[in-house]
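Both complexes shown next keep chain A, but they swap its partner, so chain B is in the first and chain C is in the second.
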Partner chain A sequence: MSEPTGVIHDIGYQRYTGPRLGRGHVFGALYLHGVRTAFGLGRSAKAKIFPWLVVGVLTVVAAGATAVRAQFGQVVMTYAQFADAMAWLVIFFVAVAAPELVSRDLRSGVLPLYFSRPLPRGDYALAKLAALVTALWLLLGGPQLLMFLGAAFSTGDGMRGVWNELLDLLPGLLYAGLWAVVFASIGLLVASLTGKRAFAAGGIVAVFLMTTPIVGTLSIMPSATVNQLAFLASPSTLVGAVGSWALGDLLVPEGQRGGTMPIGGFGPLYAVAAAVLVAGCVTLLLLRYRKVAAR
Partner chain B sequence: MSTVSWITARGLFGRRRFLLLLPLPLLLVGLAVLCRALDVQPADWGPPVLVGLGLAVVLPVVALVIGTGVLGAEIDDGTVVHILTKPLPRWQIVLPKLAVATGVTAATVAVPLLVAGVLADSVRLGLGLAVAAALGALAYSALFLALCLLTRRPVLLGLAYVLIWEGLLGNFIDGTKVLSIQQWVIAIADRVAPTDLLTGSVSVPVAAVLTALVSVGFTVLAIDRLRSFSVAGETS
Partner chain C sequence: MTLIATESLTKTYAGRVTALNDLTVAVEPGIVGLVGANGAGKSTLIKILLGLLAPTGGRVSVLGLDPTTDPAAVRARVGYMPEHDALPPDLSAAELVTHLGRISGLPRTVARERASEALRHVGLHEERHRAVGGYSTGMKQRVKLAQALVHDPDLLLLDEPTNGLDPAGRDAMLALIHRIGTEFGISVVVCSHLLGEVERICDTLVAIDGGRLLRADRISAMTTTTDVLAVEVSEGTDELAGRLAALDLPVTRDGRTLLVPLADEGTYDLILGAVAELDLPLHRLDQRRHRVAELFAAREPSHV
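Coming up: the complex of A and B.
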């Protein structure tokens, strides 16, 4: 027997022996990536157009309201009314952001790569949902903060005026959070059903828009109970009804135009309905991600 | 029926996808029947159902999904190359696709509007709404078909037009109503069947001329764009 001719060179492959970040870090990274994706950060200029268009319009409206208030001392809209008036833009933002978050992953088939990490399937869906909720809350809360700053610097009563203004802002931010949770859970559920961003965007808008006229129709029915329950039919009026029941006078001061919604004594029912809606959407989303991406 | 229109129709309807188009029209008819059955005054339920739901939501959303679906879906997955490499003049590709989009949209929207109009007032109102919706379907389809060729994100741009231009600005600024397909449709429907249920804010000749202009203009634009179309991947 001669000497062996073949030889295996050691070309320096090494195993990783350092600490491994666990489930929590994967969740955090996915969440942060989701928030950045919703605003198109870290992506091409084309992906930034639509999110920042919405942000820009909201900021301009808030700045306008602040300027009018500073110049003429007239409150154009409260923090809660700002959220209500911008409902269509929020819907548009959901239609832009939700397909970016989930539909792209479905279409390009990268979900098996995600799930080969120490990342349970539920965590993926929840991280995306948390990211969309955060993005929506920032979208509404940022301009509200702008309005607060304008009001705080132009107040005539010193620190007391700033404090009163802050007490107005906090319920407004809470209300914005309610908007964010309801809209994000519905939007993400619709978007997770299809891998085509175009269909997902159309579906989200269809779900939100087609429910609004139902409220209009139900509120002219010849029954007072049906009228008071009509706001259940659409997510945006549902949010408004829960807000006006739970936060009531904190959102819209007495004597302001509009006032609270005529929901009669059904306030608790609205709160339960909103909770059930969100819980149902999240459950369906988790069920969806239990099955998806088997291909 | 040309091969292109046949392929387009099959792409729209294949694999039970047509079922996705049903909920919106069914909702429209369902609400109209419900209001009629409960003896609500037509003056009360007519505007929210016919205009608020029918002309402002169902027509644009269905037209958007179908109008971008006939061409945008093929551009997205790259199969449009198979049609573009055939020795066909470009207008023989755009026109059949526009015809299919308009036909399907008009059928999906005009029939429930006809039923709702008959329930609300009279056969004349139903026919007026149906005719106006069909004309609106043509204008919307031409617009959204051209958008597919002008930008990589046609659905979002179309949604921005429907939601922000027609929905949000139309409520606050009267000037934008002159350039809104939704207002033209309302004006035409009101001209065909004058009732108290519809109030157009645009004069009828202006609406008719602009509808024709948009339909023809965007079709010509789409044909022109398709002449020098370059196929690229999905935007990042």
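Coming up: the complex of A and C.
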């Protein structure tokens, strides 16, 4: 530190007469802060490790698929298949990011500092939810964009090839959005129930993993209807089933092994179920913060 | 303008526990002490003033606004310092206060400037860039005060601001609050269960007990000329009390503090002499107004 060269004058307290921004700006500030938090930005180096590890893995997979396609002309996975294949990593990302977004605030007791400000209590929960949805969508959409760029530059059909590729990418991004909304709303609801981050992470993984065996059991029951409805039992298969119905062969190209999920004619029901699930989670989340704010 | 006014304010939880009972009080701007034992209804009152809790009955207004119908307008002009731990340990004080300034509606650069100003006013300088987790209790209390100040409120609601502080820390915090109330032009409501503490800095005192109003008045109307000296030693309080009594000083005990009426300048010398003779570590020795405590004394012992 340099030697003081002059007298420091205490200019005293200054009142603030400038603008005070409205609800939209405050929501935006909290939202951006949330997106940054999900990726560990503005946090310690330790908080950055896991999010960026997941980002790294996804990017490497996307880059690999792009390279194989450019080299051998074989499509390893479609955009939507990429989202499906990476679902497990997304679950782990949610299990780390959601507690980071809400459980930490519950634990440190910082919520009274938020709720004593003009921020409506519902806005806090919705800004955090929007932030997590955005983070998940970027996580899945970013590598898809990379795959698109790779394919667009190596296409042999000129602008027409790029256009066709774009028509494949857009549904893929929409599908990634569906993953993001469903996973974020469930993950954030679970995380908002506890201030302990480890419990929250365990709870989130449990919700996604423990429901999978139920799907397995239901799909071998001796009833075609039960089999076709089995995928309702777990969030990840629910999203997959909606994708199968809405995207059809964009998700799984014809002739590929496995084919689309055997959901019969229940596609619209799956879509409604997904919407109800998200709406239910958001409602419960808002109710939860109603209670928290009054404490 | 009336700072805070309530009219027959009542709050019952789940129809059974009555936290506030027909409370009617009006206070003018300035430094207001809100005193009562734990569970007297202070925190409930603060939450109603902030619009976080809806009263069961009665009316309330803060800065001329109604927190039950327009909570956002009230909260935009009020700063709140909660009683309990409220700071995420891995953020720095500067980051946290800036972020909370933005949540109060300050533009980004203004929030940053005002955050460092607020932290400077509460006495945090270079350390504001370190993670809060490593702060002492006193520093954490200062950060909590700074975040309540960052958006330049017209009213500060401070819930037990001296909680967990040592005597020197308590005095510094009280001096700071007094400065905010007198020099910054911001009205302050200080909640405390320690009457002796808030009466030193307040213009107005509101005492509640069991959700009812005990008394509310300007402190000048309550005090008398007799002052007392408060003496605190780290150990040997009993010995000192005995020694002072032997010197014909009418000493009374208030927890760890000994109270001695201040007759003249000689009283100081007698006390200091006694402390020195017994070789006790003196924690504090200061002047305190006496009567206010007595005003409530009749009702208080049942709660301590």
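Points to keep in mind about this one:
In this section, the second predicted complex is superposed on the first by the 278 of 295 C-alpha atoms of A that agree within 3 Å, B and C clash if a C-alpha of one lies under 4 Å from a C-alpha of the other, contacts with A are read in each partner's own complex, and residues count from 1 in each chain.
Here is the rule we use: a contact is a pair of C-beta atoms (placed from the backbone, for glycine too) under 8 Å apart; a residue touches a chain by one contact, two chains touch by 3 or more.
These numbers come from a predicted model, not from an experiment.
By the document's definition of touching, both partners, chain B and chain C, reach A:43.
By the touch criterion stated above, A:71 is placed in contact with neither chain B nor chain C. By the touch criterion defined above, A:216 reaches chain B but does not reach chain C.
Of the two partner chains, chain C is the only one touched by A:120; chain B is not.
In the superposition on chain A, A:112 makes contact with chain C only, while chain B stays out of contact range.
Within the superposed three-chain model, A:33 lies in touch with chain C and out of touch with chain B [touch as defined at top]. According to the touch criterion, the shared surface of chain A, contacted by chain B in one complex and chain C in the other, consists of residues 43-44, 47.
Only residues 43-44, 46-47, 49-50, 53, 57, 88-89, 91-92, 95-96, 196-199, 201-202, 205-206, 209-210, 212-214, 216-217, 220-222 of chain A touch chain B when the two sit together in their complex. For chain C in complex with chain A, the residues that touch the partner chain are 47, 50, 52-53, 72-73, 75-76, 78-80, 82, 84-90, 95, 99-100, 102-108, 110, 114, 117, 121, 147, 151-152, 180, 183-185.
Here chain A touches chain C in the complex through residues 12-16, 18-23, 25-26, 29-30, 33, 42-44, 47, 104-105, 108-110, 112-120, 293-294, going by the rule given at the top. Of all the residues in chain B, the ones that touch chain A in their complex are 23-24, 27, 31, 34-35, 38-40, 44-45, 48-49, 52-53, 57-58, 61, 64-65, 68-69, 72-73, 76, 152-156, 159-160, 162-164, 167-168, 235-236.
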